[in-house]
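The structures considered in this document are given below.
Below are two complexes that have subunit A in common, paired first with subunit B and then with subunit C.
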Partner chain A sequence: MSYFSDIYKGIKTLLTGMSVTGKYFITSKKGAITQQYPDNRDTLKMFDRFRGEVIMPHNEENEHRCTGCQKCEIACPNGTIEIIWDRGIDEETGKKKKKIDQFVYHLSMCTMCGLCIDVCPTDAIEWGQNFENSVYDRTALTRVLNKPDSKLMKGVED
Partner chain B sequence: MILLSITENIHNWLFSVMPAGVASIVEMVLIAIVYLTVFAVAGLFLVLLERRVAAWFQLRIGPNRVGFQGLLQTMADAIKLLTKELTGTDRADKFLYNLAPYFVIISALMALAVIPFSKDFHAFDINIGLFFLIAISSIGVIGILLGGWSSNNKFAIIGAMRSGVQTISYELSVGLSLLTMVVITGTLQLSEIIEIQKSGWLIVQGHIPAIIAFMVFMISGTAETNRAPFDMVEAESELGAGFHTEYSGMKFAYFFLAEFINMFIIAAIAATVFFGGWLSPFGITESIPELGVFWFLIKTMVLVFLMMWFRWTFPRLRVDQLLTLEWKYLLPINLVNIVLMAVLVWLNLTIRW
Partner chain C sequence: METEVVHTNFKSEEYFINMGPQHPATHGVLRLLLTIDGEIIKKVEPDLGYIHRSIEKMCERDSYQQIVHLTDRMDYLSANINNEAVCLAVENALQLEIPERVKVIRTIIGELTRISSHCLWWGVMGMDVGALTTYFYGFRDREMINDIMEETCGARLTMNYNVPGGLMLDIHPNFVKRVKEFVAHFKTKLPEYDRLLTGNVIFQKRTVGVGVLSKEDAISFGASGPVGRASGYSCDVRKHHPYSAYDKVTFTEALKTEGDTYARYLVRIQEMWESLSIIEQLIDVIPEGEHRVTTNAVIKLPKGEYYQKVETARGELGVYIISTGTKNPYRLKFRSPGFSNLSLLNHIAVGGKIGDLVATMATLDLVIPDIDR
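Let's look at the complex of A and B:
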């Protein structure tokens, strides 16, 4: 008689499934797990965990916190970061010192894994909140993160 | 009534300005054009409905950008498809390849002609209406087989062969479950089937066997339209897009539209045969016959929603499970059910008022 109990079980499990999706259907208005595309630019508040791109913040005097230690370059699993460095004369001590010339970031290769940000000893880089990353030409995806003529912030290395 | 008087006027005017033969041909062409436009648009809105309903089932929002709440989304999609290049494969059988989409869409549209939308909105009321529907709904599979075979692609042909297996099997259940209801009605003409339901919808009149027949019909009807959970014909994760892998642009759109029109047809048949078609529940609006279309569409939409619910709930069947379901479960149940129904009608156990 497993024939009839099979039918019964089949119908029962199907109805169980349908009740689950039915509940989702009814509650979907409130509980949608997707977001509307953010049209509300003025009031928009992005989320702390959001990973848009890697940026390097500068202060008003055009100074950043990157010492050029290249830890991020080594940490990056897919070679997204290229640090072109140079030696300059330190004003205080007059000795030669390593500094970055260009912090090159290939957005097209970045997987947003966050290892570079975790590893940076001076918190020089962090997550940007830009969510419109598409461009018409892929050369625009190769970015130099430090601004021209920017310097290392004082006291970072201490 | 207004609509009816307009059609009446057009009818009289046509017959007054030209000979009777020409006039009736012109009339048929006009009706065909009206049906084509109405159902092309209706099909597009069904696609939109499916996408929104699917989104809600999966806790998403769905397309809501183009027009109010996304109402023009599928129109925009159709226009985009119209402008796309029609690609093809090397060494495809060009003639059959181009013929296949028309087969599918024409058979879908032909079935619409016999469906009674209301007492007067009924293009073609033949005395074998139900039989005609069963026959025409299985012609579409020829288009699928042609498309799969002629596009010279292994995914396409696997999909087409699966479609053949599936349609041959489930055709039987669709036919038998409808025949169960014919045992009560004693007629195949759709207008008379509805006439009989003035003393209770058939699902009430035939109670237990009618409910079983309805369940079997919905299951096999879903299989007939190749929708999930019976969408092995297209099985995106296994076969690319199945039989229409190689189609693009408008020819692809025909397949797509035909699927949705077929879904509408299955729901419309179920609404007509089991739920009284354009009759209002308990005859509450019997004095206003214009509301017939409204009631018909409500019932059909509820059933369409049911099919969408199936689709977004159940996982896809394997081929052997599909055949087991049909030949070991649905078919025997159906046969017993017919006998049960016959006994019921013989002993006059049907519920009428």
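Let's look at the complex of A and C:
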């Protein structure tokens, strides 16, 4: 007797399960879950806080906000950031002042932890949304974030 | 009188096979050395170390803020809960007063993390016993949580959202709305999980009575989380040693007494319902206030030893810090749930078939980076 009831139970639970999958088979629209990346590249928008890479925004006059205080370099757990700094003459006061020469960012080592951005006193660096970082040669992942001939924005002090 | 027939043509002989390190059912780089006799398992020896990254040693080099992001990479499915564990340990050592807002948000995010981890486990569990569809359904629902995490924390897997003293950023304005959407959505989907897999006869035949762990053994092997609770061992850290906002919510600890694979499965399903209820209780009452208290830029813990445990999706995670008063810990030890849960695999798998081993391993819910660290 239990032989037949087993068969009955087996078929019943199978059909119960298939009612779930069958419902989705009939009702779900195309593209309900998956996105057609990379075809949707033009419309793809990442969330504002998405951590893609560290960038340093510059304004129209090619000025950034980094004073070269090196706090981000110390906060970084794995030596991703290297600040090569120099002393320059401040135009207004005429005194010698620290300034960055190169803000070197090794993207290949970055764990996207966000500690550098969190610690920066002048908000000089922020998150960029680009995530397509594959390259043929890993040296291309070492970047200098401050643009050539860029200067410190006026009025930014640490 | 009957005499036992001794076959001489066929010799029964034990032999070894390797399961892993690239076996799909080991969910990562775990190598199991099986001693088998035909289909019957005689011994299971886990071989670890394939992805050892010496996280504990790295912690001795890092500052307390930097340690947090390493814990993302242990049990990556409970990343937020791991972060919370380190932050709580540091905050308790400093005797920092944490705002209520932070505690509630941490609890909500912790429970979301637990649901997303269990969703993935459920999908993979089905796949291990041969039901591929569950994998897609589990991932569909997990995707919504991943979006919530990405919008608020900035990342989908390795969030590093907690900092000693609070949260790195306040929650995103859409957070509450999205979480409510998810809770409403998931409440309609969880019964489907049951219809699709839980009640299925084939699934039950594969799991009921397989890999039985008694309560005594659960305790002596140090099992925790759903593995311990399925054997009747009440070990929920959220209940017994409440942290963050768990003392303000009511929930029942999922307990079963059978101790088999099916019981471990049911415990996790019930935990998802409990997590939903915890989120519902808190999502409307997130207090206003600061999302962070400022700490010194260089955190130095007073000399001494500190221990904090939390309940991750896999069980009890302990963080043990010895500080000599400097800016790095002298020694930091993680008590990871996966390691203890793996240690009992040999005990419950011996005598079963290889197919049973796969089902048993699926409900131990092993995450290998958590075991190897």
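In the analysis below, the second predicted complex is superposed on the first by the 120 of 158 C-alpha atoms of A that agree within 3 Å, B and C clash if a C-alpha of one lies under 4 Å from a C-alpha of the other, contacts with A are read in each partner's own complex, and residues count from 1 in each chain.
Keep in mind that, in the parts below, a residue touches a chain if its C-beta (ideal position, glycine included) is under 8 Å from a C-beta of that chain, and two chains touch if they have at least 3 such contacts.
Quantities reported herein were computed from a predicted structural model and do not represent experimental measurements.
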Touching partner for A:Phe25 - first (subunit B), second (subunit C), both, neither: first
Contacts of A:Gln36 with subunit B and subunit C, given as first, second, both or neither: first
Most subunit A residues touched (candidates subunit B, subunit C): C
Which of subunit B and subunit C A:Pro57 touches, first, second, both or neither: neither
Touched partner set for A:Lys9, first subunit B, second subunit C, both or neither: second
Touched partner set for A:Gly17, first subunit B, second subunit C, both or neither: both
Partner chain(s) touched by A:Pro121 [first = subunit B, second = subunit C, both, neither]: neither
Shared contact residues on subunit A - subunit B and subunit C: 14, 17, 20-21, 33
For the subunit A and subunit C complex, residues of the former touching the latter: 6, 9-10, 13-14, 16-17, 19-21, 33, 47-51, 71, 75, 77, 111-115, 118-119, 127
For the subunit B and subunit A complex, residues of the former touching the latter: 53, 55-61, 65, 309-310, 312-314, 329, 333
Subunit A to subunit B touching residues, read off their complex: 7, 14, 17-18, 20-22, 24-25, 27-29, 31-34, 36-37
Partner subunit A, residues of subunit C touching it in the complex: 62, 65-66, 69-70, 133, 136, 140, 143, 147, 150-155, 158, 160, 163, 168-169, 172, 192, 195-197, 199-202, 297
